[in-house]
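Each of the two complexes below includes chain A, the first together with chain B, the second together with chain C.
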Partner chain A sequence: MAGAHQHLLLPGTSPIHRLAPEAKIVGAFLFAVGVSITPRTAVWAFALNAVVVALAMRITGYRVRQAVVRFAAVLPFVGFALFIPLIAGGDQTQVLGIGLSIEGLWASWNVIAKATLGTGASLVLAGSTPIPDVVRGLGRLRVPTVIVSIVAFMFRYLDLIVEEMARVRVAMTARGHDPRWLWQAKPIATSAGAMFVRSYERGERVHGAMLARGFTGTMPQMDHRAATLSDWLLSAAAGAISLSLATLALLT
Partner chain B sequence: MLRLFFALHAPDGFLSTPVAIATAAISFAVVGFALRQSGRELKDKQIPLAGIAAAFIFAAQMFNFPVAAGTTGHLLGGALAAILLGPATGALVVTIVVVVQSLLFADGGLSALGYNILNMAIVTAFGGYAVFLLARKLMPNNAGGIIGAAGLAAAASVVLSAMAFSVEWLFGATAPIDFDNVFTAMVGVHLLIGIGEGCITALAIGAVVASRPDLVHGIADLDREIVADRSPVPMRTFVIGGILASIVMATVVSQFAVDSPDGLETVAEETGFADQAEEHLLDSGVFADYAVSGVANESASLAIAGFSGTAIAMTVGYGLFFAVGERRRRKPAPA
Partner chain C sequence: MHSTPESVAVEDLTFSYPNGHAVLDQLSMTVKPGEKVALLGPNGAGKTTLALHLNGVLELQAGSIKVNGIPINEDNLSEIRRRVGMVFQNADDQLFMPTVREDVAFGPANLGLTKEQQAERVREALDAVDAIDFVDRTPHHLSGGEKRRVAIATVLAMHPDVLVLDEPTSGLDPFGRRELANLLKSLDLTQLVITHDLPLALELCPRSVIISNGRVVADGPTPEVLADSQLLAAHRLELPYGFSPAAIAQPEP
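Coming up: the complex of A and B.
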C-alpha cells in the first residue's frame, strides 16, 4: 500500500481543471455508476467509455507514463481477476493447453474493464481538483457540516502524520528494525500509539488557537465561484454518456 | 508484496448492481444514523479529534505490517476508531476515509462505495465495538483487560468484515466461484490479518491508555485508578478467554461453512446463480498463495478454520501477555 495514497493533483488550467468541483464529483460518480451497470457483453460500450476516459485524461494533462503508473493502483484487483478463469466453473475452453472457464473469462473481463474505467474517472477528478476545492465541493453538495469539517481536519493533519511516521520509520530502520514476522510488529504498534497521542495533543493546541481567533465550528467561506450551468452540463455529459451507453446496451 | 485485502477497497463492478444498490442503501441509512448518534458522542472539541483519527487511520493504512514472511497486511482501523471515539463516530470516521480514498486516490470504486463502506467502516466499527464490550466483561477490569479486549475486538472485526464480503458475494457474485470457496479463503486469510490488526490495535490502545486515558471513549466509564492498574492479566484468564473465543469463532465459522449454505444455497437457487456453482474445486488458485487453498472437503476446511480460530485467540492472547509483561519488567527497580 505504501505510496498508493500520494496526492494525485496535476497542476494546470485545463477546461476540466476550471470546472466547479461539485459538478466534477457528481460527473465522475455518475460515470462510474454508468460503467458499472453496463452489461459485460457490451464490449462496444466499454470501448466508447474508454475513449471518453482517455480524452478526459488527455485534457487534464496526463502523460501516458503517468497514467500507466496511476492505473497501477488497480493492479491487485486485476491480478485477482486473472485467476478467475482458472478456478471458475462452467464450460471450458482450451488456451495453450490450459483449461479456462468461459464464464470465468467473462467475469475476469468484467472486473478488469469496469475497474479500469472507474479508476480513470477518479484519476480525472483527483488530477484536476486540489484537495481544498474537493472539501468545498462536498460542502456545496450539502454534505453535513460535521463530515465536511472532519474531512477538512483530516487533510490538515494527514501530511503531518505521514511525514512524522516516515521519520519514525527511518529512525527505526537506522536502529536495526526490520520486521519480517508478526512478533516483530510491537515497535510499529507502540510508535503508532505514541504518534496518535502526539498528533492529538498538537490538535488540541491548534484547536485552542483557533478558538482564540474566533472559530465557531465552521470555516469561513472564502470567495468561491459557484457552479454555473455550463459546469454542470459539461460534467453531466461524462455521466450521461456512460449511462446512455449502459441503457442502450441493456435494451439491445 | 502480495496484497491481501483484495476484496476490501473493491473496484467498480466487483459485485453485481443489485448488491451495490442494496449495500449503498444500507450504508446510507447507517451512516445517517451514525451522524445523528455521533452528535451525542462528539463534543465541539472532538471534531478535531475525529479529523485526526481519520488522518491517522488514513496514514496507518499506508503502512504495511508483516503477517508472515513475504506477506503483509495493513490496518483497517475500524475497531481502533470505534474504541477511541465510540462506535458511531468511529464508523463515520472510517466511512470518511473510505470515501476520500475513493474520490481522491482512486482506491476503491465510486460505484462500489456501498459495499466498501459497509464492509470496512460499518461492520468493523459496530461489530468490533460490540466484541470489545463483550470481551471487557470476560477480561479483568484493569488496563491489561482493556488492552486484551481491544485486541480481540480488532481481530474479530477483520474476520467479520471478511464474512460480510462473503455474504455479499453470495448474493452478488460476478464470477462463478463457489460461496464456500470464497468464504473459506476470505475468512482464512482474514484470520491471519486479524492477528496483526489485533496486536497493533491492542498495543496502540495500550499506548494511548498509558498516557491519555481520557481520550479513549471505550473506557469512559472507568475511573483513573482502575485504568492505572497495569497488573498483567493472569494466564488462566487468557487461556479461558482464548478457548471461549475460539469456540465462538469455530461455531460461527462452522455455521457458515457447513450448515448455513443449505439455507443460503436455497436463496441462491431462487435468485438463480446457484446453477453455476460447482463442486468444491480442488485448486483454488487465487488463494493458493495466501492461505487455506483448495480445501477439498468441508470437514477439513472446517478443521482448518477452527484451528485458525484457536490460533488467532492464542496468538493475540500470548502477544498481549508478552507485551504487558515486558512493559512491567521495564519499570525501574526501586533504588
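Coming up: the complex of A and C.
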C-alpha cells in the first residue's frame, strides 16, 4: 500500500525535477513570502504570480484535472473566506440581491488568492521532489539534524503506523465493534493508547538496530549531489519574481 | 591455524531484564571461524537476548563475550559492531532510512568511510543479495522477502566477520524462503542462525545448539540433534510433518 506522499510525486525528469531539492525548497519558500506580502489590491501582481505557478506546474507535468483536484486542499480556507463578505462591516455592494461588504470581499480575495498561489508553489515542490529528497534538502539547508531525523522517521514509519491502525480497526470490526455514538468510542481511545505503546516499542527496536550498525547519536553524512549555481538561480527566480512584484506593488 | 581465536566465545553469560525476569543463566558456547550454527529453542528461551548481546546492543551484566578474541566492552563497541552483523527479526525495524541506498550506506557512513567507499559498499552489498534494482526504492514498498534481503545487505555493507540472523525465514513465502536459504548458503561468513525452521537448520548449519530457559541444553551435529525426537519435544520443538532428517543428504561440514 502506498502512502499519500506517493500520490503527490509526479514521476518525471523535467528541468524542475532535476533541480537540487534544497534550491527548490528555498525557491518555493521565497515565492510564498513574496505572495504573502503582496498588497491585496495589486491584482496584476497576483495575476503574474499565477502565470509563474501555472508555468511551473505545466513544466512539472501536471495535467489540468490533476491540478484542479490537488488544489482542493485549499477548499477549507476558501470555504471560510467565502463567509467574510457576509459578516464583515463597512460599505456594502449588492450582488444578486445580497448585500456584501466591500472590505469583506477584499479580505476574502486576499485569503483565496494567497492560499491558492502558496498551494501551487507547494504542489510544484511536492510534484517534482520525492520525500526522501525533501528530507535531504532540509538537511543541506542546515535545518537542525534532530528535526530532519524526525521528519525522515515520520516519513518512513507513518505508513506502517497507519497500516497497523487499519488492522486494529478491522480486528475490532471483525468482532462486532460498530461505533456510532460517542460513548462507544472507548475501544478507539484504548487502541490509540496501545498504538502509542507499540510505536514506542518499535522505536526502541529501531534504535537497537541503529546501534547495531554503529550509530553514535548523530546521523552520518551521506553522499548526494550538491546544488549547483544554476539550481540556485533557477529556483530563486520564482522567489525573485514574486518578491519583486510585491515590492513594486508596495511602492506604487 | 592453532592459535586462531574462536569467532564467538560466550562464557557464563547471565542476564535479567529490568523487571527482574531472568533470561540468560550462565550460558556458554563457542563458534569457530567459518562455522554455521543454528540456534534452536522455544519462544522465550533467550535466543534473541543472546543475539542482542553479541554486538553489544544489550549491556553485559555478568559473564563475558569475545568476538575474534576481542572482549566486548565500552572501548571496542564500535569495532564489535562492525565485526558482528545483526539481522533483526522484523526487517521494518532494521530498515529505517527513506531509501534503500541510504539504509545500506548507514553502517559504512557510521564507520567513517568516504562517500566513494560508501557507494562502492552499497553496490557490492546489494549485488550480493541480488537487490541492486531496489537501490532507489523506499524500504516500506518492498515485499517481505525483498526487505529481508535488503536487511542482510545493510549488514554485509559493514564487512562483518560474523552474521547473526534472528529468524530469517519467518513470514516468508516458500519461494522467498528458498531464495533466502540460497543466499545464506552463498555467504562465506561465520553464521549464527536463530530459527524455528528446523529443515533450514539442517540445510544450512552442520551444527545446532538448543537453548532452553537461558542455558545450552544440547549442542551437536544438526542431523543428530534433529533425530532426537525426545530432546526436541522436551524443548517445544518439532519437525514438520513427514520430514525425516535421516532421509536427507547431510550438509558438508
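A few notes on this one:
The rule is short, and it goes like this: the second predicted complex is superposed on the first by the 227 of 252 C-alpha atoms of A that agree within 3 Å, B and C clash if a C-alpha of one lies under 4 Å from a C-alpha of the other, contacts with A are read in each partner's own complex, and residues count from 1 in each chain.
Please note the rule applied: a contact is a pair of C-beta atoms (placed from the backbone, for glycine too) under 8 Å apart; a residue touches a chain by one contact, two chains touch by 3 or more.
None of the values given here were measured: they were computed from a predicted structure.
When the two structures are aligned on the shared chain, A:Thr190 is found in touch with chain B, with no touch to chain C. Applying the stated contact rule after C-alpha superposition, one finds that A:Leu233 touches neither chain B nor chain C. Of the two partner chains placed around the shared chain by superposition, chain B and chain C are both touched by A:Arg156. By the touch criterion stated above, A:Pro132 is placed in contact with chain C alone, chain B being left untouched. Set side by side, chain B and chain C differ in how many residues of chain A they touch, and the one touching more is B. Once chain A of one complex is fitted onto chain A of the other, the partner contacts of A:Pro144 are limited to chain B, with no touch recorded for chain C.
In the superposition on chain A, contact is made by A:Ala212 with chain C only, not with chain B. Look at A:Ala54: by the touch rule set out above, it reaches neither chain B nor chain C. With both structures placed on the common chain, the touch criterion links A:Ala171 to neither chain B nor chain C. On chain A, the surface touched by chain B in one complex and the surface touched by chain C in the other have residues 2, 6, 131, 152-153, 155-157, 160, 206 in common. Looking at the complex, you find that chain A touches chain C at residues 2, 6, 131-132, 135, 152-153, 155-157, 159-160, 202, 205-206, 208-216, 220-223.
Within the complex formed with chain A, the residues of chain C that make contact are 52, 55-57, 78, 81-82, 86, 88, 90, 92-94, 96-99, 102, 105-107, 109-111, 115-116, 118-119, 138-141, 154-155, 158.
Chain contact summary for the complex, chain B toward chain A: residues 3, 6, 10-14, 17, 20, 35, 38-39, 42, 44-45, 47-56, 58-69, 74, 84, 92-93, 96-97, 100-107, 109-112, 174-178, 181, 195-196, 199-208, 210-212, 215, 276-278, 281, 283-286, 315, 319, 323.
Across the complex, chain A meets chain B through its residues 1-6, 8, 25, 28-29, 32-33, 35-37, 70, 73-74, 76-77, 79-80, 83-84, 86-90, 101, 103-104, 107-108, 110-111, 113-115, 117-119, 121-123, 125-126, 129, 131, 134, 144, 146-147, 149-158, 160-162, 165, 169, 179-186, 188-190, 192-197, 199-201, 203-204, 206-207, 217.
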